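Chain nomenclature is as follows: A, B, C and D, assigned in order of appearance, with residue numbering initiated at 1 for each chain independently.
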Amino acid sequence: MTLAPLRAAARSHRQRPVGLAPTESPVDGAVLVLHDVTKAYPNGNVALRDVDLVVPEGDFVFLVGPSGAGKSTLIKLIIRDEIATTGAVILDGQDLARLARRQVPKVRRKIGIIFQDFKLLPTKTVRENVAFALEVTGTPSREIGPAVDRVLALVGLTAQARQLPGTLSGGEQQRTAIARALVHDPRMIIADEPTGNLDPLISWEILQLLLRINELGVTVLMATHNAEIVTALRKRVVALEDGRIIRDEEAAAYHRED
Amino acid sequence: MTLAPLRAAARSHRQRPVGLAPTESPVDGAVLVLHDVTKAYPNGNVALRDVDLVVPEGDFVFLVGPSGAGKSTLIKLIIRDEIATTGAVILDGQDLARLARRQVPKVRRKIGIIFQDFKLLPTKTVRENVAFALEVTGTPSREIGPAVDRVLALVGLTAQARQLPGTLSGGEQQRTAIARALVHDPRMIIADEPTGNLDPLISWEILQLLLRINELGVTVLMATHNAEIVTALRKRVVALEDGRIIRDEEAAAYHRED
Amino acid sequence: MISFVVFSLRRAWQGFWRNAVMSLAATATMVFMLLLLSGFFVVLTGLNAGLEFVEQKVEIVADVKDGAPTLAIEAVQARVAAMPEVASVEYVNATEALRRFQERLKQQGREDLTTALDKNPLPGSLQVKLKDPKVFGNVVESLRADPSIERVQEVKNLIDRVLTVTNLLRTGGVLVLALVGIVVLFIIVNTIRLAVVARAEEIEIMRLVGASDAFIRWPFIFEGALVGLIGAAITLGLLALGAEPLGRVMTGFFEVLPLQLGALGRDLTIIVVATGVGLGVLGSWVSVRSYLLK
Amino acid sequence: MISFVVFSLRRAWQGFWRNAVMSLAATATMVFMLLLLSGFFVVLTGLNAGLEFVEQKVEIVADVKDGAPTLAIEAVQARVAAMPEVASVEYVNATEALRRFQERLKQQGREDLTTALDKNPLPGSLQVKLKDPKVFGNVVESLRADPSIERVQEVKNLIDRVLTVTNLLRTGGVLVLALVGIVVLFIIVNTIRLAVVARAEEIEIMRLVGASDAFIRWPFIFEGALVGLIGAAITLGLLALGAEPLGRVMTGFFEVLPLQLGALGRDLTIIVVATGVGLGVLGSWVSVRSYLLK
């Protein structure tokens, strides 16, 4: 793996004791760097505390932790749905906290987002749902058709392209959502419990797909409760608890193994 | 177990070949009887076909099956959110298909319903959310306080009674929902993937709670994808696939074991 | 039953204030609409009063022959007064006619030319008021046939013309009022629906825990009524504030009209409150209905 | 850029028809409101024209002394006409005055008493029209000081009174129009918000996939403009249908008013279209704004 040195660097960064002065240069080759991030919601809930995280290009990261640990909050910071109270969230070299509002859409196109509840438009076909992501970002229409076909082939939905989401299985709906997330060639896929609504078989199917996408060079960050999958895949695991990162290991399991 | 004979009767009923004339008398002691139920949605999707199911009083049933198998549809028929296209859905002796619309609320009070997404009112405290279920069904206000306290103690939320759902963990929110489902002493608890949003630890916690409630005599029917839990608990498992019941076994696992 | 009403009222009150922005928006719409309605109602009432006034002025004027004997005139008067279509008959003799003419000129601030006259050029006349300005019967013919009557002024055409206009104006007014009413209904329903949509989740939970339709519906209906009531109260307050200065200006010019402001005020209060509450209730009913039908 | 406009227009069109019920409701509200606005505008224009007509009628009348020499009268006339406040001065001699009086009587269908006169009781007079009925300068004083003038009619008070009323009515009219405008704005915004709320999911997805604000906003704005445009078209159609029969009835009674129906029609078209589209766009803007701010 050519990514190994980068990842080692990333890890050494992660193991830096909390509270040091902020590093001036973002870690080279990292798609995502969180530095000393704290997030307090307006009502006073502190969802994240002093979070440091470096995700190198091409990494596959499971984000685990009990309910309320702050996984979804972390993801919202990365997609700039929320803004960190303190600290820096640097995506592809840009600090999301200092980003002008009108720059946000451009940054969002660098990531693909997948949710537990698919978020498909029920009145559009699979094809239209995927094309929608390109249309609304101003892609010239002649480029849309080929891009959509390519990504539908990738997720294996070419045959279902003309069906409405309501006529699809949960797995097929999630694959549609993944196709939509992939269609403008993101550098990173962010998934918040993508298998939460799916049965074990289909969950595995979705994971296989995400792994294949990762092999194509796309970084994947996935929050999940699915212990079986996390433990079986032996990927990098970042565990949150009470808003803090309590564990960050390569080739790890869902639960701490000591 | 005093329920064994009933359950045996139920099973023999289930094994009756499909297509016989409907039994005139509902199975004695059964809270829920589905007889030859078919459900076709207006758009033509057939979600359930020839489903026969008897759930005796006090039973604990896992409803499993791949995505799109019809689990949620079955649950919607039982809570009379949808009406069976053909066949009878008999809850506590009443055929839901032949129920007048104005009788529906009364039948709903015999069951407690739990969903994956909790469905709590964010502006009400835990206590108010639970009390709400009694208020809107016309319970005299002097009875509401004691009933709510009793059920909050049962689910272990007495300390959090004055908190808003937003300040609770997912497990606590789901326990609030369970408290609400229990508060008017239902004969049966219906849960559609109650642990879908929860991490494994909290999922187990919720299952423990449902088992305890079941031991108090309340029938529980739970749709789930959580193979680990289903297999570990060795309860009755009803497996759906493509709208048909393909397996109905006591003390079974998530997957078929032959 | 009582506890149900108390519960519904309490929830209506909570509901109103929980989503205060939406409720106040609905109330403001209600106020605007009720003001509009009131304006139309006042104008229509004024118009109507004006029209009735005009209609009352319409009468048949029969000039009496110069030198006709008083007895003969009185006989005609009595005969016509007895006719079923006639409300009253007044005899205005020549002197009185001149005096009235002079007075009218003075009132209008015009040159009084009659002072230059050496003899009274006006004839005496019988002024006939009809019970219903539309029903003439054969009053005109009967007068014309009398030997002591010089001529009967051709008022029928004038009356017809006036009546056509007044009826047209009246019908138009009612039509406009009805149209405004429909608009108001439509808009209030939409506004309240907006408020109900915002609480769809709550309604869904109520249905799931087995609340009966009444428990779901009535809090919203009371809430709609509350919007209507508050809207009506504000509207009446604004009208009361505006009525005094406006009335002062108006009376100077329209005192000729027999408008009873007291009765108008009472009618208006009833109409505003009834419309406000009615629309609020109807709006809620329609809005909640779609949720209950599911 | 072009493809952006095409995309937005296409989506606006789809959006309008996808949620046809909501869109048609918004359009219907728009039509009602524009009709209301048009009605107010027409009434206000008519009122204004009427008021101007009344104001124009206001003039200063100076009775000339009996037997004043024509030369002296012409001198006064020229002097007054030269004053900056004065628009025109007309000399009406005694004969002409009587003729006009008789004509007026005849027009009003009243008894002509002047035939019974042996000599003309009316004086000649200078009729002064002011440029601005509010600005008298010292026209009245100047006339009064002239030896050939018998007396100047005290029209100042009357003028003041008329002007007070006309100004009041005008201000009131504009106020009502403004009020109706606000109501219309408020209601249209609410109606369109209802339509936008129904598409909240779509907006959320657009934001998540990285659509820029413009791509989210403009389809809705075009959709609002579409609602406004269709509403305006329907309104103008209804007005055109209604104008003919209504106009026929009206002209009979108001032909005295110098209303130019052509100009009114043009102004009305502009106002209806501009208001409709403006409100639609504004309504969409405001409704989408809250989603984009998140």
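Just so it is clear, a contact is a pair of C-beta atoms (placed from the backbone, for glycine too) under 8 Å apart; a residue touches a chain by one contact, two chains touch by 3 or more.
This one's a predicted model, so the numbers in the text were calculated from it and none came from an experiment.
Asks: Between chain A and chain C, how many steps is the shortest route if every step has to go to a touching chain?
Replies: 2
Asks: What is the chain whose Cα centroid lies farthest from the Cα centroid of chain A?
Replies: C
Asks: Using mean CA coordinates as chain centres, what's the gap between chain B and chain D in Å?
Replies: Inter-chain centre distance comes to 68 Å.
Asks: Centre to centre, by mean C-alpha position, how many angstrom separate chain A and chain D?
Replies: 62
Asks: At what distance in angstrom does the C-alpha mean of chain B lie from that of chain A?
Replies: 34
Asks: Among all residues of chain B, which ones touch two or more of the remaining chains?
Replies: Counting only residues that touch two or more other chains, chain B contributes none.
Asks: Multi-chain contacts only, two chains or more: what residues does chain C have there?
Replies: In chain C, no residue touches two or more other chains.
Asks: Work through the pairs of chains, note which ones touch, and then classify the graph as line, ring, star, complete or other.
Replies: It is a ring, because the chains touch in a row that closes back on itself.
Asks: Every pair of chains that touch: which are they?
Replies: Pairs of chains that touch one another: A-B, A-D, B-C, C-D.
Asks: Spell out the part of chain B that touches chain A in their complex, as residue ranges.
Replies: Touch residues, chain B against chain A: 43, 45, 64-68, 116, 166-171, 193, 196-203, 225, 227-228, 254.
Asks: Where on chain D does chain C make contact in their complex?
Replies: 25, 28-29, 32-33, 35-36, 39, 101, 111, 113-114, 116-117, 119, 121-122, 158, 165, 168, 176, 179-180, 182-183, 186-187, 190-191, 193-194, 197, 249, 253
Asks: For a test of understanding, state which residues of chain B touch chain C in their complex under the given definition.
Replies: 79, 102, 104-109, 113, 119, 121, 123, 132-133, 135-138, 140-141, 180, 184
Asks: Flag every residue of chain C that touches chain B in the complex, lowest number first.
Replies: 3-4, 7, 18, 201-202, 204-213, 215-216
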